[in-house]
């Protein structure tokens, strides 16, 4: 923590960055984002296992994008979002200063359970960072490991009908607050497809039809891009298990395109390229 | 349940005029004569026009309240609703609900005064209603000046009426197009006799006088309004005597949907007509 | 204002038999926006088209739907009629009620219902259609040919013959390419130089052709009809304008080095022309071996030059040329023997490539046609040729066939036997591919009349036994192992994509395959077009070819260029992508998926010229209207005119329940 | 009348009974994950009564997430408007006093000049059965805006916990009295009030700011840089407004096939980026802090100008749901402090 | 299910291969079920996976998507790009419990008129077996 605060002060004091995005405490076993411009505020910075938010999402905000340089405190999993944003021309690497935090896992606010994404984490030691803070941590999963998500495996035991009923029930509770979209570091469109009305692709009413279309399009637009930060699911006020969809598409991208997002900013995103030998068993 | 406030009148399109590229004027009759009888409005009020299947869009009522039995609206194609409206034919049905909002204080504030209208581009329709209202009660006012400009000759709306006003002795009409707008390569089909220059400049160079007895009504794109207001104040118009209409995004038109407010000023209820003195008290959120 | 006319065609009984056309027309008349509907026996007939034209005029139609046969049949016809009547042709759509309805269904009720649906779908689409204009692109009437081998020479000559100026860029100091190094050519055994050099001279004398030798492509910008190529003229140290090619300099030059043109078998000077018939006949200085340039000594050439053409301070220069079309004829290289140590390549001097063999037997070669083996100059009494070295060998090298080896090996056996009448020559082969005019006869002649002994099988190794080489291999026909003692081994090594081709392809925005050969736009129907409009391909740049194929492709490419540049401006249809700049966030998805490199990033600047943000920008000249960009755009900021989402959704929407 | 009690089982039975009647809509607390939501009940709903406060408010019952306001048919000759189904009577069980007290507030708006009969009709037909609070957390501040854990405003029946499995019922309105009468067979549980209930008293939730001071500060400080600080964390989603009992903004959209259509009023939120964006691209509130300023100012200033009352019931739902850590109470306290400091 | 219910199959095809293949089925008079409605796009690359959703929303019981065989694409790569999108869409739909039999992908060339006709018949038969896609259509609730 001392190191973090010192670094933050240094960056702000020397005007190396205009803004620093980190975490502050929000009570016991809770942390929340902290956006500071003044070096004196750096003392509020904390980093602990309750720092769940993916702060990278703030880098997309127009007022923050307009700044000349911004520092962001990021865990390895968060940096994966930066990688995707770089590969999609949304960030200029020189305009961000990445304070990478080594991180073994984060905890949900009730403070007992390790967050589900952490069990699949391959980046406990942050990549791409300008400075890494924290002692190195043993990676429990190597980059090459093909991850099988237990929740997906479990879910896929259901029959078609069970799946349909499950999602119908879940998605009918979506209130279309777009918290999932707004928190997602990869949802940066100037105009979301749901705000496009000529034609109206997606029913804006929060009726089941609109909710299906919205969640389908969201999952599709994240396919091959989602970096498993789980923020959408975490912020969903209706507790919809959105990551079930995102994770299954991650698996698909891995299986079919040998692709995991968020590691290589130079690589071509999988849905903007192809291989001639891609799977087409399903095509008649 | 009693009356549904969101239920529109069904209107039939009885005439369509192409005013400028992508700009049309509809003349609308009530489908039910009894609704027409009950209907009245004041200059400056607006309504919500439905293209069934696409939704509603807000425009002012462009015809004069002194002319009964029909209403007119002028719109430019901008989004989904206006696109569908533009596709309609004479005889087709659209929806209208209104009139909503406040109006110009003609009797209280305008009678006996010089009236100056300043409009740019698609800003003429909101004041056209008031222009005809004024002209229909011409003897209640002193001088009537109309300064109207658009980017090009093509973009001037209500060309027939401009001709009509031009000919009238009791109206001082000044028309202008932006530099280049008078040229044939920019679509000008006539030998342009009006001014060439931006509205605020042309206004400043005119012989129109400000003062206590003078009221100005300004409508047009934000940038034009901004410069025009400065000129008007310089010409001696007092902020209380400069009126404009606000055009915030609206959905319900009746003060419920929470979209159009500027501070505590609900454009759909307290507006859209507002004078500069009041406007300057509001937060800059329009 | 949508005023749409619907025209239902009977197509005689072709449609009317299965579709109640009058009912379809009547019901279509009730679709909102439809102001006129009619059915007619033959819409495509003259009276049918007149009916359409008159209705457009009389009813002031803004759009029309012709329900008849496939648009592939008559869309052009009806759109032209619509245009004649003053309607934008893209405001007419066809509902295919013949091929996709009346001809495939039997039940008249079902056919009629489907017809009405199809009409309704098209009416809804037409309501959302926008008038489109054809795109006109001005063209620069000049062509660039990259690569001065026989294909490039042919392309340049043919283009110039059509009256269009050509810039011919060659990386080496002379044009001529690989063919200039060959001795005689199959299947006629005419001398390569005898047929090539006249063409080289022709090129040099054609006033419309500008040769830029010892030059390379630095950068290519622009698009079809409007390319701007930057060419690097490499430092030659000889002013080609002043030089007369008298040859004094290279005669006097004291430095002798290995000649590339002679495939390492002969020598050249540090100032040199690669071969006597070089075009342009202007030397260059090899700066790595020149004493003046390396050690600041000597300077003889400058002293002896009668025209003061030598300039030791020469530097690379960049030249820009504007051209309307480009032909890429960059040829190939062959694999060196050193890649095949198992065959003694690189270890034994007497294991040579086929191209080296060409020089060894060539009358203008280092030995002036005296066949001598490299190691000791001995006349080889036994020669073994090995085919498919590096080709058709997916485990170790290339999986493709180099195509010409079968023929030139047959030729070389003959050349050998003509030099050494009682010499033995053996050919190891997998099979013999001789599918060209007079090719099979030629191979048979080599085998039957000229004494070449063909052994079917692979060579396992080549080793040395004293002075002799021993070739060990399998004869799969007799199923036996063979060992042949010989004096010389000639390896028919594979043809490969030349060095730098990938970089060049990237500069041109064209694609290449896993072997580095350039990819044609369509393997069958566009074999000499690249994926970038205005860039054409010929010869071995595409894949191994023989001379007649390369030359005919070059002529084909020239014809394409002449066709393209024949008009002052190109016209293409208005179905192209367009960007909504207000909502584009420049994520580059569209740019990445566009198969035609038609989209680029563009800066949006404020009045001061500062870059505010970037957006995608479609070059309508390059866009072919496939629409692959559209689904790739998450915010739907790029759409395809004529197939917008609004138009396609309208069709889907028209299907909803009544 | 003797005191009436209802326990968990009877409550379940009653609500189950009410759901059988398809002519009324019943809302009640349903558990999902660790949270409880006010949801429309059906026969299979699993009710839960052990919750501190529901994630969402009872707003959903009276102002549906989406609601048809017009139906029409399109044909060649024009358009025909169709009748809408009548609003059904409702029973809303399990809201807190900070839910119920929003109803009179919202009524003022929907009754302002033009009458939105969809809301007003529901309000007429609804039975609000509120459960008084016996728990609180750091986000609660009802007392600062005139409420209390046992506030009766807006409720028809108020239930007060007397033991771990039941409540004492109190009719607040005429409607409530009738409801208790009609359902007396469920409100006849034999319960003995236990000691220790209710667990909290009004004084446990101290008044922490003065809403009058806040209004004055807002009026005078539209351009204050503090707004940027308040809204710094905001990511511009609508979660806070959608769970808020008093946020009422909506959108109107049409959904139509070729031949028929429905016009619908849908929840919308001033915090969403597109809310005020014009077709021209101009957006009066383009930045997230500006939108957040609108939200607070609307509740604590503009609404008072229009209807004389703060449009906030102090439920704290917005803070609880905000995962970006925007906390309305912190902000209001800070404004209060600023206002005190500034002496205005 | 009403007795005379017929499936509604929305078909998105590319202009160069499958549309031409369908034309060939016509000129060859191969009969097939009248339950399909073809929407033409220039290339399978233009077909957005969300068209499937749109079609279901508008009452389709199945969606058939067809383009050129790999290597045949008129625009070289459009179908390859499309294929990746379809892979993702298919997985997503199956996660949601939507029957994969209702979303059919096929390559059909300009010469495969018979394949096109057979395909339509097979799909039509299968959907008749499965019945109308009421689950999806019923998602469209006008009121809560």
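We call the chains A, B, C, D and E, going by the order they appear; numbering starts again at 1 in every chain.
Convention: contacts are C-beta pairs under 8 Å (C-beta built on N, C-alpha and C of every residue); 3 or more make two chains touch, one makes a residue touch a chain.
All values reported here derive from a predicted model rather than from experimental measurement.
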{"item": "If a chain touches chain A and chain B alike, it appears here", "value": "C, D"}
{"item": "Minimum number of chain-to-chain contact steps, chain A to chain E", "value": "1"}
{"item": "Longest centre-to-centre distance from chain E, chain (CA-based)", "value": "B"}
{"item": "Pair joined by more contacting C-beta pairs (D-E or A-D)", "value": "A-D"}
{"item": "Greatest separation from chain D - chain, by CA centre", "value": "C"}
{"item": "Intercentroid distance (Cα basis), chain D paired with chain B, Å", "value": "40"}
{"item": "Centre-to-centre distance between chain E and chain C (centres being mean Cα positions), rounded to whole Å", "value": "36"}
{"item": "Chain C and chain D, separation of their C-alpha mean positions in angstrom", "value": "68"}
{"item": "Chain A-chain C separation of Cα centroids, rounded to whole Å", "value": "44"}
{"item": "Multi-partner residues of chain C (at least 2 other chains)", "value": "32, 582, 593, 632, 645, 649, 653, 656-657"}
{"item": "For chain A, residues that touch 2 or more chains besides their own", "value": "191-192, 198, 200-201, 203, 207, 271-273"}
{"item": "Interface hub residues of chain E, defined as touching at least two other chains", "value": "49-50, 54, 58, 71, 77, 81, 85, 142, 144"}
{"item": "Contacting chain pairs - touch in the sense defined above", "value": "A-B, A-C, A-D, A-E, B-C, B-D, C-D, C-E, D-E"}
{"item": "Interface residues, chain C side, partner chain B - complex", "value": "1-3, 32-33, 35, 127"}
{"item": "Residues of chain B touching chain A in the complex", "value": "55, 79-80, 83"}
{"item": "Complex contact set, residues of chain E against chain D", "value": "58, 142-144"}
{"item": "Of chain D, residues touching chain B in the complex", "value": "69-70, 72, 74, 78-79, 81, 84, 86-87, 109-110, 112-118, 121, 222, 248-254, 256, 258, 261, 263, 265, 268, 270, 275-280, 282, 284-285, 290, 294, 297-298, 301-302, 305-306"}
{"item": "For the chain C and chain A complex, residues of the former touching the latter", "value": "582-589, 592-593, 601, 614, 632, 634-637, 645-646, 649-650, 653"}
